[in-house]
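Each of the two complexes below includes subunit A, the first together with subunit B, the second together with subunit C.
Our next item is the complex of A and B:
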């Protein structure tokens, strides 16, 4: 066994464009998903009809059984169309394992199951940005409605659906927003690997995420859902069929999160290059690892809770029906056991990005590397101990409140450590304020406001006043949009030239940054005041006294939306029209991904490199950070500069 | 840069085996957290006993079927675990017999669960315990199905043997043992889960 080796040969596809059309791809996936829905819905109708007739006359909600089965049928069709069943069926027949699918070159690879981690990452980037903008459009509709203190544009039910779609899509897609595109693209390269540990699973997570987005959108065709992103019982039990789309969509995201997290952890544990000790692991990779731990452990609880709601809605179990031995609070417990780590699934990648980028533009080593890693693990661990602060107003045992108040306030310590690392790195540095750096510095400003306002919500007495108000809404937008989305934008401006081989326009980037930063703060900061003045979330009507404030916020929100248009213009202009070739190491970074050619070769490294130095050794005596062996790429480590 | 084919990937089977080993343990961790939700639901709803409806008088899960299912799960896992020790050491007949037995019993678990559903004296609507019973057992069935699939792929590959040029991985048989080891870890967690389920759903009053 010791002498045996594994040899992976790249499979060249000879398929023409038309040939690619005939193979498994996204077109077939859409067709078969529709067919799967129709067939399974019909079957579900038959099953439900039989149950109703034979066992429980008039009691079974036939539509839910049919719709849920239909949605699961569409998942099967989707995966069938993309070719995800081919390999498992071959394995059932005793065929040996393999690492690659056929046809991994040419444009079609972007529209099908592909095992190249860089292709999957680009698929992820396009998909998550698409759904990010769809959810952003919902936000524009919400703000349009709130320009009037009475419901004018949308009936209250539709408004709730809009809020739910916006929240669920943003939360789910942004969960995948960093770990999907940047995690999948960067982690293997940063650790000196050629691929992810489980390439098919990597692709599966991407395509499940895409399907989840469309399934969620299908809620609008099924009457919408009134629960917001939190899916609270008993409303979820009682809601119209649109909630079935929410349940299935969230379940798909949960499965996807578990698998993507598992894949990243395994990749980092087993595929690190020689010399890539745990002490040399880039801080971004640590961010991905801690995020992945949360995903693997928290998302299954969500999946179980969703499964219980599905049981309640289809076979009429009573998990959340208090009149029949259940309890709606059970949902709160299970959902927030996932939901609060979910907040850190969103935050930790942001920490990883900014701490990775700061040393590059500060030209200083990352201050307190081990402390930063400890801080990330501290956040990850403690995020499992705070969930009950979401239930302060839900009638939990009063004796439990001080404990959860304490743990929630305690989590600010490891979070503060991340700030300490950031400011320690920036201290007395000659900072280059490039576009990525601007986004990173804004991250700290925004996240600080988000964190400080969070203290009010962790405190029981002030939470009583602010709970369910726009104060909460402003708080989590400061942490998630002000934190994660700003960090993600910084990451995109920083790494996209390496990922695509083309530069983004820096002038447009700076206009994008300043408009986004200014209008983000002008949109969300006044909402703290709206919340303190008693404006409730998820309600389209409010006190007339708050009208002027809301009109101002809406106008600022539209301007924030326009700043995103600038980003899209920059993307399209730079990637499609101008196509200016990116330098191989434009930021003079010492990190491994910048030491290889642009565009990155199919298998990343001809030989697995040996890591010989610290990726953050800026300003220190220069030495190579990596040894590429016999086949040294064009950009040598020594050129990274200090 | 063109990558020379002969230079691509010279990973050892140990690396792929490590992938399976770590991946299997993470997957079982995820599965454990999934089932802990049902354990929590049981304890939470039992403690609350809202409307005194956690356990309706007629809700008595059939002990006989429960014992049969538990026994099949345990014996199936044991057979597979013991069988895999002779995987690759030249005693192929022992592996084949034991893994086939594990598979048959694995399928029997699924059949028995459906028979139990058919013979239940209550429905999911009949209170908290009934809901947890149906939800827990149905979820277990899905995870068990995945276990049976996993066992089957290892069994089928071991029967078929390695054929030249069939895979882009050389010496795929070297991966059979670690794959079976990973499967056993997963099965062991399912056994623990099933024991928990048996105690909570059938024995706790």
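Our next item is the complex of A and C:
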């Protein structure tokens, strides 16, 4: 299936360390992004300065046209600096097609457009973890503010900006947090391919994600934004220029999600190795495919809605201004039509990781493989039919509420299937509780609480109490942090030795797990009660009788933050200072990615392998699961455990 | 591999299915009564209105129903962690039995969860109609109304950055900054906003309805005893969202009549210059308010 014209050997790079500096790379990208902002902002001021002043007789301290154009200018500069326009220009000039961007070896490839999916995945991992920790730090500030029920530590606007940054950054970066690093790294290798279908687009999605993070942070320079991650109009229409950063940043993530989704779907459909039939596809790949379907279908709606707010703010359209015939409810509908599939974009990768790791440490085949795939597709499909449960109290047509209550509860069936698969796999197993396995076990513990609290929110009667309160906040932290982030941590401990070639410290890993698990639950479980007792989300002050509860939660949250520091220490210690070479198959897994050498060669497989067996064939007397052809790599399948 | 290993080491595999089922049944039998009779009475939001009673009952029912599921997972995890471990003393990797699935268990699981879901949805829907919307905002054309909706006291709730005001159309459309309502009479809230989206949450009354500019959102309540209740904004509305709260009072019918009469008289001059009572208001949009 692989094109025969692709050469197996990576092109030798002539560039020295200093030569890399002169080529397109992230330094040029930063410079040109700033230049692009300045030029486009100036242009926007020239075009629209007078118009804006006339149309806002009340006076304005902002020029949204100039700021939005400036932000778009910085996107162009960023892509120019990274060299994303080089290839299209070369093709226009009649040069032959090529997969290479030059300089695909050496350290510089991590700082530029690179078409090696493993390099892009590592870039993704570093970038999303960086923003994950920035957003986590914001959460620490939020919890600090909430240690007092009436005093304000931060000025109100800054506090809301912290809330918005935490929410938006977590949501956007964690949407990319699994599909980016693990998806891009594992999907080609798991299906026996040498690359993703569109390597340049793959790199583009990664660099757009990085830019999105920094554009979002630029909101702090433009006055912050008061809307939280949901960006409700008309508050977004009314807000200061910081909201423009939010809009452009979310738009970039939306575009990135669509592209990464298309890339993964096309890769899985077209680049599977011979013998990799649909019912041999690893469950993690199915998780990525279903996530991609959601991303491709949901993110364009968000992009459209964001454009409408941009138009409201810059060219004085009135999509969300009720006094001019618009409707704020339009934003609610469009946003949540994206927003609910989005939360499953944050859940399905977790299902994929957990069900992929469980069989390895249970030493049993994945129980009910077909049902698991059906469950993932069920979740993906159903997630487009439930969004109005976010609007139960909003005053939309009340006749729809029983329907959305029913569909929301219906989605627990395919989700419950994932639990059945996990438990079937653990039944009579020979479990080894390694660090990845601990995280996967905790996933079920946490996600169950998230799921059961979701039943309260789906029931309209109960939702009247809990809607928009800290109960909701605890609920989605149980599903996203307790679910996705725990699964992601498991995935990192499981696959990072293969990705980098170095082992993570298992003792520190266990300390990390236990502190994170205990303090995660102590942080978020009490917040269910806070919500039911009348604490709305995103407040900086609350009723005095909830003070003790909130102080307790804040202390637990700081301890949760400390557990993240243990993780960072482990990462830095194991990857930089105390490097210990990883074995080729340390977990004795039967899936394809563990049968190739560590570190993985640039083109993954010297010859496209033929898949001959089930990746979960534990306990079965089957032979090797893969035939590497004449040039077999060092490790033979299935023998590693002996 | 494993059956042979078990045989050679002389241990008899216990009947895991039966043991697990017993443990689960015992845990459930312990937890459900605890939830209903020990935890249940403390579950918010109290019993000040017909809504909060219904909400309390539903929350207790859902928590009790959640227990079998919660125990299924927790007991299973505990059971698996205790019984399905690899031999720690040996470095050798031993495979478990290659069970790939079980159609009967899968079908049973799907059927049971489907029955639960249909039951929950039916319960929720019936509750929604019997309790006339349970205090949730139902939009301008409410589906579920109390029996004598015509006789309900109408109160308009107006959200604006960052305060609540209340208009009583039955008393000349007088606008007040304090919310008072009579005990034992159906109240029909009409919630709207002048600027951005707010959400009217009368916590102890069990009422929650978004205040959307240009939209009329109706919610019903009948207060069952007198006392005060908190009103908070439940939808992020800008800078002082957290401070957008007030205290309301439920008073006896006679007290309410004298209060509203006095208030209408006192604010008569103000009422005259107010915009005439309407279900929605369209002030020009503001910018830069934050």
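Just so it is clear, the second predicted complex is superposed on the first by the 611 of 642 C-alpha atoms of A that agree within 3 Å, B and C clash if a C-alpha of one lies under 4 Å from a C-alpha of the other, contacts with A are read in each partner's own complex, and residues count from 1 in each chain.
Definition applied: a contact is a pair of C-beta atoms (placed from the backbone, for glycine too) under 8 Å apart; a residue touches a chain by one contact, two chains touch by 3 or more.
Note that the coordinates shown come from a computational prediction; the quantities given were computed from them, not determined experimentally.
Engineer: After the alignment on subunit A, I want to confirm one thing: do subunit B and subunit C clash, or do they fit together?
Structural biologist: Fit.
Engineer: Classify the contacts of A:327 with the two partner chains as first (subunit B alone), second (subunit C alone), both, or neither.
Structural biologist: It touches subunit B and subunit C both.
Engineer: Go through the superposed model and pick first if A:468 touches only subunit B, second if only subunit C, both, or neither.
Structural biologist: second
Engineer: According to the stated criteria, A:266 is in contact with first (subunit B), second (subunit C), both, or neither; which is it?
Structural biologist: A:266: touches subunit B, not subunit C.
Engineer: Please determine whether it is subunit B or subunit C that touches the greater number of subunit A residues.
Structural biologist: On the superposition, C touches more of the residues of subunit A.
Engineer: Based on the superposed arrangement, let me know which partner A:296 touches: subunit B (first), subunit C (second), both, or neither?
Structural biologist: First partner only.
Engineer: After lining up the shared chain so the two structures overlap, which partner does A:96 touch, if you call subunit B first and subunit C second: first, second, both or neither?
Structural biologist: first
Engineer: If we overlay the two complexes on their shared chain A, which of subunit B and subunit C does A:570 touch? Say first, second, both or neither.
Structural biologist: A:570 contacts neither subunit B nor subunit C.
Engineer: How far apart, in whole Å, are the nearest Cα atoms of subunit B and subunit C in the superposition?
Structural biologist: 7
Engineer: Of the residues on subunit A, which ones does subunit B touch that subunit C also touches?
Structural biologist: 56, 322-324, 327, 329
Engineer: Taking the touch rule as given, give the residues of subunit B at its contact with subunit A in the complex, in rising order.
Structural biologist: Interface residues on the subunit B side: 1-5, 7-16, 18-19, 22-23, 26-27, 29-31, 33-38, 40-41, 44-45, 48-51, 53-56, 123-132, 134-135, 138-139, 149, 152-153, 156-160, 162, 166-175, 179.
Engineer: Which bits of subunit C are touching subunit A when the two form their complex?
Structural biologist: Subunit C reaches subunit A through residues 1-2, 13, 16, 43-45, 51, 54-55, 58-59, 62, 66, 69-70, 73-74, 76-77, 80-81, 84-87, 92-102, 105-106, 109-110, 113-114, 117, 120-121, 123-125, 127-128, 131, 133-144, 191, 195-197, 199, 201, 203, 206-210, 212-218, 230, 232-243, 280, 282-290.
Engineer: For the complex, which residues does subunit A have touching subunit C?
Structural biologist: 56, 58, 60-62, 156-157, 160, 226-228, 230, 232, 234-235, 237-240, 321-324, 327-329, 332, 362-371, 392-399, 401-402, 405-406, 409-410, 412-413, 416-417, 419-420, 423-424, 426-433, 441, 444-445, 448-449, 452, 455-456, 458-465, 467-469, 532-534, 536-543, 588, 617-620, 641
Engineer: What part of subunit A is in contact with subunit B in the complex they form?
Structural biologist: 1-2, 4-11, 55-56, 59, 88, 91-100, 194, 197-198, 258, 261-263, 265-266, 269-271, 296-301, 303-305, 307-308, 311-312, 315-319, 322-327, 329-330, 333-334, 337, 597, 601-603, 606-608, 631, 633-634
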